[in-house]
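For reference, the structure is listed below as structure tokens.
Chain IDs A, B, C and D follow the sequence of writing; residue 1 opens each chain.
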């Protein structure tokens, strides 16, 4: 948590208030070894989504008068624009390599701590031993079995020593400690924008990140997914928890129609029809134009 | 104002509150003959902008401790991302031809009343006589002298009759009045999405429009400008008034460094240097590579 | 087709060339009664998509060495960024009410004919009789049965007369014919930006519209869909035909994994598993949390 | 230059061809010690910009029939959308810390080499001695005097040793050399996505980056500026050279009205008017509401 975390104070407002979200404003949730995520501000709630939708459809929404039904209808039919009316602003502290994945989501606003202006704090990410795993054999971007305790300790020792050495060089080049005080009378004092080039991508940075609920759900679909790298997934999962307090009906619909839903291809639809009609067995799948991997995933999903 | 305009009610929040903006929430300001603009929600204030900026610069901002100075510095140097942290959501009722200019601002979220789902109300824009002007001679997209009262009355009569006739046809095709009740037992009842194709672009539509402060300023730079069409400019001017209550320090800086500022070209800079040094007179302007129109605008701006 | 449609001429280039697309460059395809769509320029082809993808995955793509397999893998897993490397620029002539749906796709560049600068040609859309249908009973935004020939003729007469009258008023207000020549010595001559406010939304406008292949597919998913309004769907279908000539492998994968695919909810997955395992019948669907309409659509899709 | 740089081959096309740009297609220009920039594809030229503009303005552009004049008019009045019709696709190899600045330009498409899928090559950026400078006293994010040759050598030794050590650890953790071959029979072999977390931000990465001409000019305005960090500025300057071959008339107008132009505030306009009228001297500047730094910059710009 930042040293200067603000005091939580209440004021009166005429705006919509999401009761479940108020408990999160300015509360810092720890993530990984030195990171955090905190809600700085938000706009809208489940009712705001409905209000935007009802304006579009006018009297055409009469038959979907029930709030929950309308919200689920919007989610199911990917009528996404009413969800853009809700906005969240987060303060996040995260390793640079996680930040590099995060910024690929372009439809968001962000301000990052600048290593050109300011000195980077001496903080870097070290995985917990349970996260140290070998390269997965069948998933090109994933992890397989974890290391033995001895191997894990050795890996962490190497990562820690390299990072500490890089931060040592950083301060030597800057000729400044973390608070900007000179170290030696006659040190280098090279420009901050240059001194930082040897820092590892495990170093922590910070940002304010703001996005609307539609884009947040897109972020969560990709980053709260089991295929996402663990170190960004833990941030996404924490944000998904916060979202459930903020917009509970939307979150339930999001789980049902998106996060835990699946897309079935033209070939899978044909196969499912024939399986249900007793006209085919799973052994015929290849003849529907599906590849080996698609068939394996189909079997896992539908238990056949 | 819409028949179902919500009651204004206060609730407590832990979020930042912009005192000057609270008075606008859910208040409907009339614009043109049947239009309006109302703040439905907002996020952030002048202090939020600074907070986002200070996070970027970290300890590097100490020397710009003064809030107003930092905010003006950001505006002057077009450091726009901290302004993205403020968001405004408006309910706007406006003629279709104004809407068509408005949607060209793509970095915003909007939900518009749907003429496929719902019946369009019988409302269309008629200019005030003072706005009825002939085509400008020197501005291809502008207005020149206004019409005589007799001519104005005749123009308005033509526009009114055509619009009324089009709405008449609309209801005949729908076989429905404004509330959706059938008119004749045996009427056409054709699909709403088709029945509306004869309605004029002066017909009123509605939308929820949401954008961040950075994009709002871009909108205002173009639409509160004297070259903007009058019918969108009056909306922009009303929104600029609201902005001044919301983020007063930002608005002042916006006027000083953007709205009432100007861009001077490489050639104009050279000419200004030589004029100030007494090495040239305005009669030499063409030799700096400036066109006739540029020279005329230069003279107006700098009084030479 | 525009009077000044350019001559087709060939030049040599070092850029990638999509053979199937070359036949479309500067060829005007008619759509609706006065509209058209023409390819003005394009960038990239199926191979470009692969090239971008292979750069990301580096040596990690070895096992997907087969081009078609890699392209289908990208489409299936919604790895959309490689498709952004292909761009299409279209010249489109379309009714204003279709344009108003089209511009809702914000991630595109467009330049529209300006009714503030120039005089609108006397062209408006009239549906073919076969398109004149009553409001659908069960689809709030759709069409049901078509009108009788007599009714259709009467509807078209009303729409034609209103449009002609509006264009008549337009020219009277402008005091100018289609070519800008004055009609009367003493006419109104009011500003073009005002004179047009009585024109119907069926009037034709024109634009250059440019988007990348990823965003084009999003457009087509929504607008080539049976739920889209007929008048925009015919444009989308023509563009989909052009796309099939441009990027044939991508188009096939797009059909298989997106256009003719479906999303199944968490509840539908559970129901499908139990149906396939013989543990449930379709009569149990409601107990899985599915609504009446969801169940009906499920039955249609899977033939149960 | 990449080992697998493609052969340059010509094909016939019906599309617009920019002669000056053809010489750049698939030609790799070196930047920094291991980086490069290469044009992979492009769309449009100066004439395409005019074609889009003329479509918008219709017959309203008659008085700007001269091509160069119209293009300069568009640039001067920030009518930016016609420039969006030109697109450039680049292959860029650059240090991670430069990439982190580059991706902040969100209105572009990019595909980056993935360190989750593939092994990072052993390449990292080391500044030339002439670039090794101390922190600027008056520019918080800039460089001041350069180091002595002895100091520079010592700084480079530190940076090189740390980077080599980090890459050594990387391969040890991966248990793989640059080609993916195992090093030891019994090595760690940990997941690529984890093994890379100790690599420095000076390590080289690669991307395909594609943007339209409007957004490219925005990028160049910020990154070809003297305040940009040297290591991104050299990329921007090379791209600006390429742009001058691609769209020479646009580039000249861009220099005149944007790159070498300036924005003058409301206060500066008032001061300039009074200076030119002999009603004020530069000593009065503070009374116009200008700060110390603004006055200094005003004096430098206008030579007073």
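In this text, a residue touches a chain if its C-beta (ideal position, glycine included) is under 8 Å from a C-beta of that chain, and two chains touch if they have at least 3 such contacts.
Note that the coordinates shown come from a computational prediction; the quantities given were computed from them, not determined experimentally.
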**Both-way neighbours, i.e. chains that touch chain D and touch chain B** = A, C
**Fill in**
Cα centre of chain A to Cα centre of chain D, whole Å, reads 28
**Centre-to-centre distance between chain C and chain A (centres being mean Cα positions), rounded to whole Å** = 33
**Prompt:** What is the distance in Å between the mean C-alpha positions of chain C and chain D?
**Reply:** 35
**Message:** I need the residues of chain A touching at least two other chains; which ones are they?
**Reply:** 57, 60, 114, 117, 140-141
**Message:** Building nodes from the protein chains and edges from chain pairs that touch, which of line, ring, star, complete or other describes the result?
**Reply:** complete
**Asked** Across the complex, what residues on chain D touch chain B?
**Response** 57, 60, 63, 69, 72, 76, 140-141, 255-257, 260-269, 272-273, 275-277, 289, 291, 294, 301-304
**Prompt:** What part of chain C is in contact with chain D in the complex they form?
**Reply:** 8-17, 22, 25-26, 40-44, 48, 51-53, 55-61, 81-82, 84-85, 87, 89, 91, 109-114, 117-119, 180, 206-208, 210, 212
**Request:** Show which residues of chain A lie in contact with chain D when the two form their complex.
**Result:** 95-97, 99-100, 103-104, 106-107, 114-117, 125, 127, 131-136, 140-144, 147, 151, 154-155, 158-159, 162-163, 165-166, 169, 172-174, 188-194, 196-202, 229
